[in-house]
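This report refers to the structure that appears directly beneath it.
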Amino acid sequence: MNNRSPYIVNAPSVSTIMFKVLLALIPGIALYVYAYGFGVLVNIFLASLTVLLTESTILSIRKLPIKPFIFDGSGLVTAWLLALSIPSIAPWWIIVLGTLLCIIFGKHLYGGLGYNLFNPAMVGYAILLISFPAFMTHWQAPIFLIDGHFAWIDQIKIIFNSQLISKETVDAISSATPLDYIKTQLTLDQPLSRIKQDKIFGFFGGQSLEMINFGYLVGGLYLLKEKIVSWHLPVAFLLTLFLIGLIFNIYQPDTFASPLFQIMSGGSILCAFFIITDPVSAPTTPKGKIYFGIAIALLVFIIRIFGGYPEGIAFAVLFMNICVPLIDSLTQPRVFGHKQ
Amino acid sequence: MNSIQKIALDGFWKQNPGVVQLLGLCPTLAITTSVINGLSLGIATAIVMALSNGSVSPIRKFIPIEIRVPVFVLIIASLVTIIDFSIHAFIQPLYKALGIFIPLIVTNCIVLARVESFAAKNETTPSFFDGLFMGLGLAMVLTLLGGLRELFGKGTLFSGIDLVFGPSANNLVIHFFGDYHGFLLAILPPGAFIGLACLIALKNRIETNQ
Amino acid sequence: MFKDHFKKISITATSMIIFSFIASTALSISYFITKSPIDESDAKAKKIFLNQVISANLYDNDLVKDTISAEPSQLLGNKKNIEIYRAKIKNKVVAVIIESIAPDGYSGEIKTLVGIDHENKVLGVRVINHKETPGLGDYIEIEKSKWIKNFDNTSLEKITENHWAVKKDGGEFDYTTGATITPRAVIKSTYKTLLYAKENKQRLFAL
Amino acid sequence: MITALLVMILLAILLGLVLGYSAIKFKVDGDPMVARIDAILPQTQCGQCGYPGCKPYATAIAKGEADINQCPPGGDAGAKALAELMGVEFKPLNEEHGIQKPKSVALIDESTCIGCTLCIQACPVDAILGAAKQMHTIISSECTGCELCLPPCPVDCITMEPILESSETWKWKYPIYNIEKIGKV
Amino acid sequence: MLMQIKKIFKFNGGVHPDGNKAESTHLPIARLPIPKKLVLPLRQHVGNIAKLKVKIGDHVLKGQMIAEADGNISASIHAPTSGKIIKISEEVVPHPSGLPDFCLTLEPDFKDQWIEKKSIQWKKLDSATLIQTLTHSGIVGLGGAVFPTHMKLKINKTQSINTLVINAAECEPFITCDDMLIRERADEIIQGALITQSILNAKHCMIGIEDNKIEAFQSLTKAAKKTSIEIKVVPTIYPSGDAKRLIYLLMGIEVPKEKRSIDLGIQVFNVATVAAIYRYIELGEPSINRIVTVTGNVKTPQNYEVLFGTPLPELIKNADGKETKIDKFIMGGPMMGFDLPSINVPVTKAMNCVIGSSPELFLPPKPVMPCIRCARCADACPVYLQPQELYWFSKSSQLEKAIDYNLFDCIECGCCTYVCPSNIPLVQFYRYAKSEIIAEEKAKEAANTARERNEFRLSRIEREKKERAERNAQKALGAQEKQATDEKKLAISDAIKRVKKNQQENIKNKNE
């Protein structure tokens, strides 16, 4: 007998939620293409294809129904996030391998959708960064900063066959990211004010990068409006990052960049609205979400300033993912009728 | 099945310290960056285990129960120190490669665990073989894991063999891929965890299929 | 009652003593047996390492034992006295090996050995230890890349001050894309070591 | 060399004294383990495990004389709980000791009973009422379903009746739905 | 909209399902004719099953007690009309288990002859007497909880009741029986409330009503004009009709865990219950009927005044049920109700609503996806639980953890399932875990009793053995004379030994 009360429901389905997340990524991606060319689209395409193939293979091995789990869209969200996190001129096998690792190690080894302890996209990103640091820190410069002629076919060539391209061509279209550049230049004892006069810097963060981050911000606000993410995580994360940036900036303005720079460069906005808000690997309690956001922001800042890599979001998120069960159990809200 | 065979089966498969008891994780994870490293430390551990089990068992009845652990540790520590001296003296390059992990065999749970759970209760011969086979079981896992990590991480096998057999052995190193980018994760500590997990999964898979 | 306890405690204490005595004896014996092989092999290992910086056919003395001490110096980056190895032919100093510290690697200090001959020419540079990001900054190790051999045969005369830098900064030295901090640090410290050798030439190459 | 030896011996004396003293001082009396094992056992007192009751079986487990999978009424679930408590690996029920049956109570066919009192002597929980030459009856709420009263009965008037689900003992069932393989542990 | 009188305290979560109430409110309450037979379950309340007072063949009058409350937590059953008892048997009752329970079958004689009705002069009697009288009224909580009403009126000497809350919130979709009752019989409710207030000796009385019941509010206000009863409007949010939620909405007081509202001087009664109290005290009519909403896939959704025991098909026939479209009937609302095991069940005291369900009305459940921990359920939970954690523990049968996460605070309101994107039947898992825990506790208790009894037996045997040994020793002194008897004894002890041996062998045989 099917004693299934309540008989009525009113909830968006998992796939609706996931596809809204994908929709929210589109402004950011559009600006990305505008500023950097088609490389990122190639990566997104490769990642999506890999996800669909890998996931259906694994699902059939696990003897689970393929259709509902493919169309839940969670795999695509992972794939897109990873594609947006890696350099757009990384060789094609980087994104394919990364997506494979995301789906196998980040997701299905833990039991698939809903069971993964870690954010799958960040698992893939961290493995790639650790394993292939040279490729993974090798970023393309915005189109309008590239001297001479930039042909988008060059981008595709680099992605698909790096050996055909001379080192000079690669050097010509690549540049350091603002975070990396600051870190590098600071070792040459240059004051920040001079470093920031470089052409790669924009108004808040990196030239073009800040524009893309603005695109992500628009998408993030859409998710907030649609109640797909709760305000706790992004607000806690961005506010903490801003405050700690502000404190250090006031303390030593020539060494520590402005708080707005911290927020508008690297992957801060993407992280705030799309990465740490992955419900499966984030805390569920309101208080827990706030602590989670704060802790990640602090870790990101520490890794950016003192760590061995220019950007620390992946490590910060993965580290805090481990703490989620603890955070959740320590931040249980007071149940109705229980003592304060 | 006679008892020595049973002990061997326990050591290599059923109660394998590396993938079943999960003892001795510190060297398992830290040293297995290549086949040679894994194998050498594994053999060193096996020798220590065989000797410590073999020497504790005959005197087990003379050790007062309340100080058995300190005495066991004392015996193990002495054996390890002697082996440490020997490797340092006669296979210096290997000593450099294994570094701190030789003295750390002392704190390796697997040694004390076998002494406490087997040698303290059994006759000398089986105890000796228990230590030996448990140690070799661990050495097997260390070698496998080292092989996995070396293969994925560097695309080679038996690199560093010259540390043991001298520079002339260098042509024994097997290179699998011409132009391999290297998969650093496998060599770095996280790779050890993932590799070990894969071995354990493999073992469980074989067991459930039987 | 008290007697029983005393007996028990003294039994444990005595057996403890006996076991430690046996263990100590075993240890001392093996110590004495292995002492001289250990010293020998240590020296041999050190020599092999030093020979990477100055090849063995360039000298005829016992390099490992022929050292002079150097005070802390800005140029070497050392904070304690260090030893400088001297290579001699027929009792004449032909080259020195100086340990140099580059304080400004990506993740902390990089320690190198720099071999310099009496004409102030670099014979070889090797990295002793560093904490650079694996896969990114660790190509300064000879096992990973031949980059460090770029320093062979360089000197203050051959490369002017401004060219002791990576190509990106307008210098002579190549580097791997993406990671410039590490080579910068090594180049700078090698350069400073050369300066040190030049300034202290009298002392280093005196008999 | 001498210093090394001296240090070792001094250390040995010190450790020996401290350890010898603490062995006397902190000696643990009794075995709380037996009570904890006994709490898991179903208390049917049926003796199928080979021991004369649940407590003796618990004692045997605590001493390591008996295995954890000898209790049919406790079933696999009981063996699992014991395995967890003892920190050993779970083993399925040893069928030498019987199989798990649905929970039942004994019922005396009052027309056949001759009042011999043999079943009263066999009942481990005094759940049978009656006196010599009088008809006996079972307090079914106290009956553990151990079946010990069956063999002594000379006229075979006792039967085991499984407890059927009634509106009082009814439970909500484990929900099983499609897609996810729920219920597969 | 209605005037807001005082501040309302909003609880966490809650949901706003479509009311679907208009369908069944455009027709007045209809009275169902007496059916051909009435099936009366003896357990229509929480607590002990009622004790039979009649036998087959007895002729009973309307309102005559046919089964008496057994103990305090129990309620009597009265004959809904006059007629003959024809059967005492196990019949399927409206319960989620679908298991049969003891029922009386009454064949009406269609004379509908009342037993002598006695009204009670409640103003002249003290509370204790009134409560004693109410024990025989058969009145139970008609909101659905069916807890015997006289028990809720009993209070300790030390307690004093400050506020009587009358629950008119009726937040479940589809159900309108209370709404219609208020609209048509507001006077009875107000009178009942006054009686209840006086029994409880409560200082205040307030009625909480949702702001979507405008007509009901108006008729209540009219009826309560000359009384001190305060009528408070609460926002329409599910589950505002839950007693503890309603108390919070009205007064901002959280009833602490493991305490009842009565401990805080607050008692809550459903409107229909106080109306029943009024009818019993003032008119002498015991609890024999109730208002039932018949809605969903029936032609004329409407509220009916139905005699207890009326077979459901009679009721559906009157609502012109189109049975082709209906695949099953649901008792209660769509949030907390359950599938009736069969249409052939009687109307009971708990039945406030029957919904003719069809796959179009309530869509078949969508495929269950894994929980993605989105915590929408936690946002919707009116108790502020963490449903996703409880689900995890219930699903994996980690019952102790579930208790730690306050499983037993769950009121099974269904808000979590209502908002779950993965379509997980969360409440079902909680029900499973709860009944599993309760069963385990019962088993544990039984095991403890068995252990004690076994230990007692062993010590008795030990004692007897000792006594016998002592006796034997004494007898041995003057033994020679009684050799003959000794021989007899020997024979007996031999016999006992044989029996024991037999036993052991039997055990051994069984083990082998």
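Letters A, B, C, D and E mark the chains in the order given here, with residues in each chain numbered from 1 onward.
Convention: contacts are C-beta pairs under 8 Å (C-beta built on N, C-alpha and C of every residue); 3 or more make two chains touch, one makes a residue touch a chain.
No experiment lies behind these values; they were computed from the predicted model shown.
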(request) Moving only from a chain to one it touches, give the least number of moves from chain A to chain E. (result) 1
(message) Can you identify the chain nearest the overall CA centroid, using each chain's own CA centroid?
(response) A
(request) Specify the chain most distant from chain C by Cα centroid. (result) E
(request) Round to the nearest whole Å and give the separation of the Cα centres of chain D and chain E. (result) 36
(request) For chain B and chain D, let me know how many angstrom lie between their CA-based centres, rounded off. (result) 42
(message) Suppose each chain is reduced to the average of its Cα coordinates; what separation in Å results between chain B and chain C?
(response) 31
(message) Using mean CA coordinates as chain centres, what's the gap between chain A and chain D in Å?
(response) 55
(message) Quick check: what residues of chain A touch more than one other chain, meaning two or more?
(response) 68, 130-133
(request) Send over the residues of chain C in touch with two or more other chains. (result) 11-12, 15-16, 19-20, 23, 27, 134-135
(request) Pull out every residue in chain E that's touching 2 or more other chains. (result) 96, 365, 367, 369-370, 425, 428
(request) Flag every residue of chain A that touches chain B in the complex, lowest number first. (result) 105, 127, 130-133
(request) Please give the residue numbers of chain C that touch chain B in the complex, ascending. (result) 11-12, 15-16, 19-20, 23, 26-27, 30-31, 33-34, 37-38, 41-42, 44-45, 134-135
(request) Would you mind writing out the residues of chain D in touch with chain C in their complex? (result) 1, 4-5, 8-9, 11-13, 15-17, 19-21, 23-24
(message) Can you tell me which positions in chain B touch chain C when the two form their complex?
(response) 62-64, 66-67, 70-71, 74-75, 77-78, 81-82, 85-86, 88-90, 92-93, 95-96, 182, 184, 187-188
(message) Looking at the complex, which residues from chain B come into contact with chain D?
(response) 64-67, 70
